[in-house]
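Structure incoming, see below.
Going in written order, the chains are labelled A, B, C, D, E, F, G and H, and every chain counts its residues from 1.
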Amino acid sequence: MSKPYIRLDKNDAAVLLVDHQTGLLSLVRDIDPDKFKNNVLALADCAKYFELPTILTTSFEQGPNGPLVPELKEMFPDSPYIARPGQINAWDNEEFVQAIKATGKKQLIVAGVVTEVCVAFPVLSALAEGFDVFVVTDASGTFNAMTRDAAWDRMSAAGAQLMTWFGLACELHRDWRNDVEGLGNLFSNHIPDYRNLINSYMTFQPEK
Amino acid sequence: MSKPYIRLDKNDAAVLLVDHQTGLLSLVRDIDPDKFKNNVLALADCAKYFELPTILTTSFEQGPNGPLVPELKEMFPDSPYIARPGQINAWDNEEFVQAIKATGKKQLIVAGVVTEVCVAFPVLSALAEGFDVFVVTDASGTFNAMTRDAAWDRMSAAGAQLMTWFGLACELHRDWRNDVEGLGNLFSNHIPDYRNLINSYMTFQPEK
Amino acid sequence: MSKPYIRLDKNDAAVLLVDHQTGLLSLVRDIDPDKFKNNVLALADCAKYFELPTILTTSFEQGPNGPLVPELKEMFPDSPYIARPGQINAWDNEEFVQAIKATGKKQLIVAGVVTEVCVAFPVLSALAEGFDVFVVTDASGTFNAMTRDAAWDRMSAAGAQLMTWFGLACELHRDWRNDVEGLGNLFSNHIPDYRNLINSYMTFQPEK
Amino acid sequence: MSKPYIRLDKNDAAVLLVDHQTGLLSLVRDIDPDKFKNNVLALADCAKYFELPTILTTSFEQGPNGPLVPELKEMFPDSPYIARPGQINAWDNEEFVQAIKATGKKQLIVAGVVTEVCVAFPVLSALAEGFDVFVVTDASGTFNAMTRDAAWDRMSAAGAQLMTWFGLACELHRDWRNDVEGLGNLFSNHIPDYRNLINSYMTFQPEK
Amino acid sequence: MSKPYIRLDKNDAAVLLVDHQTGLLSLVRDIDPDKFKNNVLALADCAKYFELPTILTTSFEQGPNGPLVPELKEMFPDSPYIARPGQINAWDNEEFVQAIKATGKKQLIVAGVVTEVCVAFPVLSALAEGFDVFVVTDASGTFNAMTRDAAWDRMSAAGAQLMTWFGLACELHRDWRNDVEGLGNLFSNHIPDYRNLINSYMTFQPEK
Amino acid sequence: MSKPYIRLDKNDAAVLLVDHQTGLLSLVRDIDPDKFKNNVLALADCAKYFELPTILTTSFEQGPNGPLVPELKEMFPDSPYIARPGQINAWDNEEFVQAIKATGKKQLIVAGVVTEVCVAFPVLSALAEGFDVFVVTDASGTFNAMTRDAAWDRMSAAGAQLMTWFGLACELHRDWRNDVEGLGNLFSNHIPDYRNLINSYMTFQPEK
Amino acid sequence: MSKPYIRLDKNDAAVLLVDHQTGLLSLVRDIDPDKFKNNVLALADCAKYFELPTILTTSFEQGPNGPLVPELKEMFPDSPYIARPGQINAWDNEEFVQAIKATGKKQLIVAGVVTEVCVAFPVLSALAEGFDVFVVTDASGTFNAMTRDAAWDRMSAAGAQLMTWFGLACELHRDWRNDVEGLGNLFSNHIPDYRNLINSYMTFQPEK
Amino acid sequence: MSKPYIRLDKNDAAVLLVDHQTGLLSLVRDIDPDKFKNNVLALADCAKYFELPTILTTSFEQGPNGPLVPELKEMFPDSPYIARPGQINAWDNEEFVQAIKATGKKQLIVAGVVTEVCVAFPVLSALAEGFDVFVVTDASGTFNAMTRDAAWDRMSAAGAQLMTWFGLACELHRDWRNDVEGLGNLFSNHIPDYRNLINSYMTFQPEK
C-alpha cells in the first residue's frame, strides 16, 4: 500500500535537465534567484561528480524563452542536447526519449523550469512507462508556491520521489569513504554554512 | 498503487465554472485579488482558445452572492448557464449534470468559489461517477490557506488532479507548432513576466 | 485506489468536541485567537442548527488545563459530558465511546485541542473501528504549523476527511431551500465578509 | 519638528516615470508581477485622468534593460521622453530636469524600477532642490523587501512622502462630486474588489 | 528633537470613526476579517465605556460603498453622523469639523477604512490645525501591508501617535482601581486569551 | 487502502538519534534554533522518562560536522553509541542495525539532522524491513522548508508516521493516572505556555 | 537633528522588568514562546552578570494576570519588588519611581509584557523626565506584529533606543578582555548557535 | 528638519568590513545563506571595482568566532587588517580608527556580522565623530528580523543612511558611460536575473 523504497544508484541513474533557459528563469518566483541558481549548478555538479549520463533539452532557444543557461552548456559539452522543435512535454520528442533509453538507466533524475509543465509532464510520462523517477524539487522552479504545491501533489501521487539536490548527492554517494575530499568540495562550493564549518575546522587544526 | 497519468485531451475535456459571483469573490482571501482575477480570466481564455465546451452555474444571483462576473457572462454567451435554485453541490442539480453529460466529454476541468464547497463538492461527485477531474486550483479561491489546504487534500485523496491554469494550457496544447502565435498571445495577456520577455525579444529583432 | 466520497449526512452524523478548555487554549498558536474562537463557536452553532448529537469531553478541568469554554457548556446543557479521569485518547474512555455508539451515527465530526493529540488519537481510533471521520481542522488548534501539518498527514493517511466548519455546514445543508434564513444567519454571525454582503444587499433593496 | 502636511494638488503636480523597462521588470521581486503591472498602469491612468504633465525616462533601451513597457509608450505619445545616454540618477540628466522645470509644477510624483536607485536617486535630488516629492511606492519595485525597506527609510528621512496610487488618486480628486463616473471607472478598472462592489450594486438596482 | 509624550486623557479626547461601511470593508486585506471586526467593535466599546464624544461619518452609503456597519449605528444613536456628500477627506466637510470642534476636545482618536485615505487625510489635516492625533491602527484597514506601511510612515512623520485599541484603553483608564469589573469585561469580550485567563481563574477560586 | 493506526507502545519502542552534531546543527534553518534545541532535548527527556532503549549515532565527529551535542552524550551514558566510519545512511552500518535489533522492539522513533538524509534514509530502510517507523519531525531539522516538505512527502508515502515530540509523549503515556507529576514536569520543562498554566494554577491554590 | 549616540554604561544603568507574569505571557504572540522565554531569562542573566540594579513590578498577581514568572523572582530576591495596586503605567506608582531614582542611574533598560502598555507607558514617562531609555524589544512581547510595530514607532519617535538583549550585553561589556569566560557562558546558555560553535571549537582543541 | 542628501562619492569613501568570520556567520538568520554570501562578495567586488580603501577587522579569529571568510582575505591582501584583541565596538580600537582616518575619507561604508553590534556600534561612533555613514544592510546579518529592525531604527535615527550593495554601486558609479562593461560584469556576477537578461540579449544579437 505504501511506495517502496527505491534507492538511487549511481550506476543506474541518468539526469534530465529540462528548459533551464535564460528567459524562462525570469518566470521562477517560488525560490529566490540566488538560491535557485546555486541549486541548479549544484545539481549539475552532482551529475558531473557521479558521472551520470545527462541529457539536456530546450524549447525555442531563439525566441523569448532564451538560450540554455551558458554554465550548463559548458559543463556538458558532450551530452545529448535536444532542442525541441515544439513539443511541450519533452517525452513527446522521440529523440529525447531515445537518448534516455540509450543510457540504459532505469532511474531518472529530473529538474527543470517550470515545475508543473517542463518537469511534471515528462515525469508523469516516464512513470507511466515504468521508470523510477526522482524530482529534484529545489533545482526546479515555477511561478509561485501554490503552483508548485499542486505540481508536487500531482507528481507524488503518480509515484515520483520528491527530493532535493543534497539528499540526491548523499543517496548516490552512500559512503563518505568513497571520496571524502570530492564530496566535501562539492558541498563546500554550494552550501555556505558547510563551507564555514570547514573553514573554521581548518583554522583549528594546527598542523594543517 | 499510484494514480495513473491521465493526460488532458482537448477533444475530451469540458470546463465547469462554478459560482464566480461578484459577492462571493469578496470571500476569497487565499489569493491576492489582482492575481485571482487574472487567473480566472486566463482560464476562461483557455476554454475559448481550445474551444472547450464550458458550463456556467451560479447560486442565488439576485441575493447577496451577487451576479456572475460580467466578463465571464460576455465570453460565453451561448454556453449552458444554470442558475441553481438552491443546490449547494452543483452536481445535485440535474440540469447541470445533464449539460455536462451532453458534452460527451470524460475529462472535467473545474474551478470556482469557494474551493472547499463549490469546487470540492462537484469534484467529489464527478469522481464518484467515474469522470476524470482536473481542479484548476489557482482559478479557485476560498477564505484562507488552511481551508484551501484541507480542500486540496480531500480532492486529491479522492483522485482529482490538482493543476493550475498554465499547466492546463500547456497540457491541452501539446505542441507549440499547433499555433505559436495564439498560445503566445494567451500567455502574454496573462503573464506579465512572459509579456516582458516577448517585448524585449521584439525590440532585439531588427527586422521585426 | 482513491478514497471514496463519503458525504456528510445530517441524519447520520455526530459531533465530538474534545478538550476545548480555557487553559489548553493558551497552547494554540497555529490559528489567531480571534479566528479560532469564532471557528469553534461556528462549529458549535452548526451542531445546534443541524441538531446533531454532540458529545463533550474534557481532561482535568480542575487543574491547569482549565474548565471547558463556558460558551460550549451553555450551548449543550443536555449533551453527554465526559470528564475523563486520565485517558489522553478520549477513545480509551469507555463512557465516551458508549456515548458515541448510543447515538447510532456512523459519521463522526471531530474537533479539539490540541490537534495532534486530543483530535488525532480518537480520530485514528474511530477510523480503526470503521467509522467515517471528518476532522474540522479550523476548529482544532495546536502549537504551530509544523505540528499541525504532521497531524493532518497522519490523519489523512489513515482515512480521515479534512474539512473546515464552512464546508461541513454546506455539505450537511445540501440545499439552500431547506432553510435560507437559518443558514444565512449562521453564516452572517461567523463570517464578517458574508455579513457585509448581506448588509449591503439589504440597503440596496428599496422595499426591505 | 514634524513634517508638515503637503497636500497633493492636481494643478501643481507632475508625474515622473523612471525606467519601467521590460528587462528591468524581471528584477522586481518585492511585489507580485500581476499586482505590480496593475499598479503601474493604475498610476499611468491617474496621470491621464488628472491631466498631469508626465515625463518618461529610460536607460539603455537597446540593451538588456529592454524597451519601455509598450503600454506606457502608447498612453503618453506627446510626453517628454528622455532616453538617458548613461546617467543612473535621472536628475543628472539636464534634459530630464529641464522637462520637469518646464512644467512649472512644484509637486513631483515619482515611480520607477528599481526603487533604491531609479526612484530614490532623483527623489533625493529633487528634495535637495526644494521640490515636494511623493513616492508612489506600489508602482515602484525592486529586488526584495529588505532593499525596499532600506530605500523607503532613506527617502522618508530625507523628506519624501510615501504614498500608493490609490491614496494619490484620492488626494488629487478631493471630492467625488468633481466626477463620480470617471473616478469610479478608474477604480473599477484597477481594484477587483471595487469592481465587484459596483457590479453587485448594479444588479441590485432594479431600474438601472 | 523627539516627539513629546502626549498622553491620552479621557476628559480631553474624542473619537472619529470614518467610513466603516459594509462595502468598503471588502477592500480591507491587511488584517484578517475576524480580527478586524473585533478590533473595530472593541474601539467602539472603548468609546462607550469611557464616554468619549464620538463622531461618525460615511461616504455614499447608498452606493457600492454600502451602509455604515449596523453595529456602529446602533451603538451611537445620538452621536453626530455626517453623511458626506462627496468630500474624500472628511476634514474638508465643514459639518464634520464643526462637530469635532463642538466637543471642545484637543485629542482626536481616529480609525477608519481605508487607512491611507479615510484615516490619513483627516489625521494630517487635524495635525496641521494643532490637534493631538492618535491613530487606532488595528481598527483601520486597507488593501495590503505595503499600503499600510506607507500610510503609517506618512502619519507618524507628520506627528501622529500610532496606537492600537488595547493601548488606547489602558492609557485612558490609567488605574484599574477606577473600575476593575468594567475594564475586565471589555477585555474579556474582545481578547479571547484574556477571557480564558479569567475563566480559568474563576474556576480555581473555590468560593466564587 | 489507508494506513492502519499503528499506536506507539512504550514496551515496543526504541529511539534513534541520528547525527545531532554541533557542526551539522548550523545547517538547520527550517526551525528556529531556540525551539529546535528545546525539541531535541524534549525528545531525549521522553526517551529517558519512558525508559525507551535509545541508540546514538554520529558521522565524523572529529571533522567539521563536530561532536554529538554534549547534553545528549551526558543523558545516555550507557546507550549504544555508533560513530559511523563513513556510511551516510546509518542503516548501512551493521553495528547500528544490530543495536536496534538487539532491543527487540518493532517500533522505531527517529529524529536527526538533516531530515532528508540522516532521518529519511534509515527511516526508508527500516520501513523496507518491516519496522513501524515514527518520525519526530520537530526534533529533526534541515536547510529550509522546501527540503523538509519534500522529505516528509517521501517518508510519509513510504509508510512512516509523521509526529512531533508532544504527540509522541502523549501516545506513549496513554493515561495521566500512570504518573501525573512526571509527565507534568516533562511538559513544564519544555512548553513555556504549559509551565505558565501550572504556575498560575499553583498561585490560585490557597493551600498549595 | 539626529538622535545622539547614547552608549550604555554598566555603571549608570538600571533594569526595569515590568509585568512578566504567567497569565499575561499567554497574551504574547509576536514572538515564539520558546524564544521569548529564552530572551527574558537572557536579559535577567545580563542584569545579574553586570550587577545592574534591577526593579521588578507586577500588576494584580492574585488575579488572572498570574504571578511573576518564578525564575525571575528567584534570581532577584533582594531587588525592589513593587506589586502595583492598580496603576497601569508603572511610572504612576510613586514607589516604583522612587526605587528607580534611588539607584541614582540615568540609563533605564526596560522590558515587559505587553509592549505597547507595560513597556511603552513607563518608557514614555521616563523619557519625559529626561532619562535615557533603552527598550529591550525581544524581551518584551505583545499580541501581534502590528501592535508591536505601532508601539516601536511611538517609543522610538519619543527618543527611546530600540535594542535587543544581545546588543545590550555587548554594549555593556565593551571589551571581551574584561571577562571572556563569563560573557561566553552567558552567550552559550542563551544562543544555541553560539553554544555549538564553542562545543565544536573545544573538540578541535587537542589539548583541551 | 530632514536628513540632507549625502551622496556617495567614490573619491571620498572607504569601506569597513567588520567581523565576517566563519563562526559568526552561523549566527546569521535574517538572510538566507546563499543570498548573504552573494551580497558580501558583491560588496567586496564593489570595493575592488571602485578602488575604495577597505579596512578589515576581526574579533578572536583563533576562537569559536572562526577566521575571516577566506575569500575576503584573498581579495584584500594589502588592506589594513586589524585583529582586535577584545574590543567589541571596533571604534574602540585605536588602530582601526587610525586606519580609517589615514584614508582621509569622510564617507564610511559599513557592513558586518552581527548587525546590531559589529555594525551598529562603529556606525554610531563614527556618526558621533562627524563622519557620513552608509550601512550596507544586505551585506550585514544578524539573528532574526526583529533584531535587525531594532538595529536599523537605532542607526537611522542617529543619522546613518540605510543602503544595499546594488544602490551603493549605482550611486558610486554615477554614469554607465564611465565603464559599461565593468559594471555590467559586476552585476552579472551577483544578480542572476541580470545575468539572464544579458545572456538572452547576447543570443538575440545576430552578429555577436
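Just so we're on the same page, contacts are C-beta pairs under 8 Å (C-beta built on N, C-alpha and C of every residue); 3 or more make two chains touch, one makes a residue touch a chain.
The structure displayed is predicted, hence computed values, not measured ones.
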Compute the shortest path length in steps from chain A to chain H over the network of touching chains. 1
When the contacting C-beta pairs are counted for A-G and for D-H, which pair yields the higher total? D-H
Measuring between Cα centroids, what's the chain most distant from chain D? F
Centre to centre, by mean C-alpha position, how many angstrom separate chain C and chain H? 54
Measuring centre to centre with CA averages, how many angstrom lie between chain C and chain F? 31
Taking each chain's centre as the mean of its CA atoms, how far is chain E from chain H in angstrom? 43
Two or more other chains touching the same residue: where does that happen in chain F? 1, 3, 23, 26, 32-33, 64, 66, 191, 193, 196-197, 200-201
Listed in rising order, the residues of chain B that touch chain D in the complex are 22-23, 25-26, 32-38, 61-62, 64, 66-67, 69-70, 191-193, 195-197, 199-200, 203
Could you pull out which chain B residues touch chain C in their complex? 1, 3, 23, 26-27, 59-60, 63-66, 85-89, 92, 114, 116-117, 120-121, 124-125, 127-128, 143, 146-147, 149-151, 153-154, 157-159
Can you list the residues on chain B that touch chain A in the complex? 1-5, 7, 31, 137-138, 152, 156, 161-164, 166-167, 170-171, 173-178, 191, 193-194, 196-198, 200-201
Please output the residues of chain B touching chain H within their complex, sorted ascending. 197, 200-201, 204-206
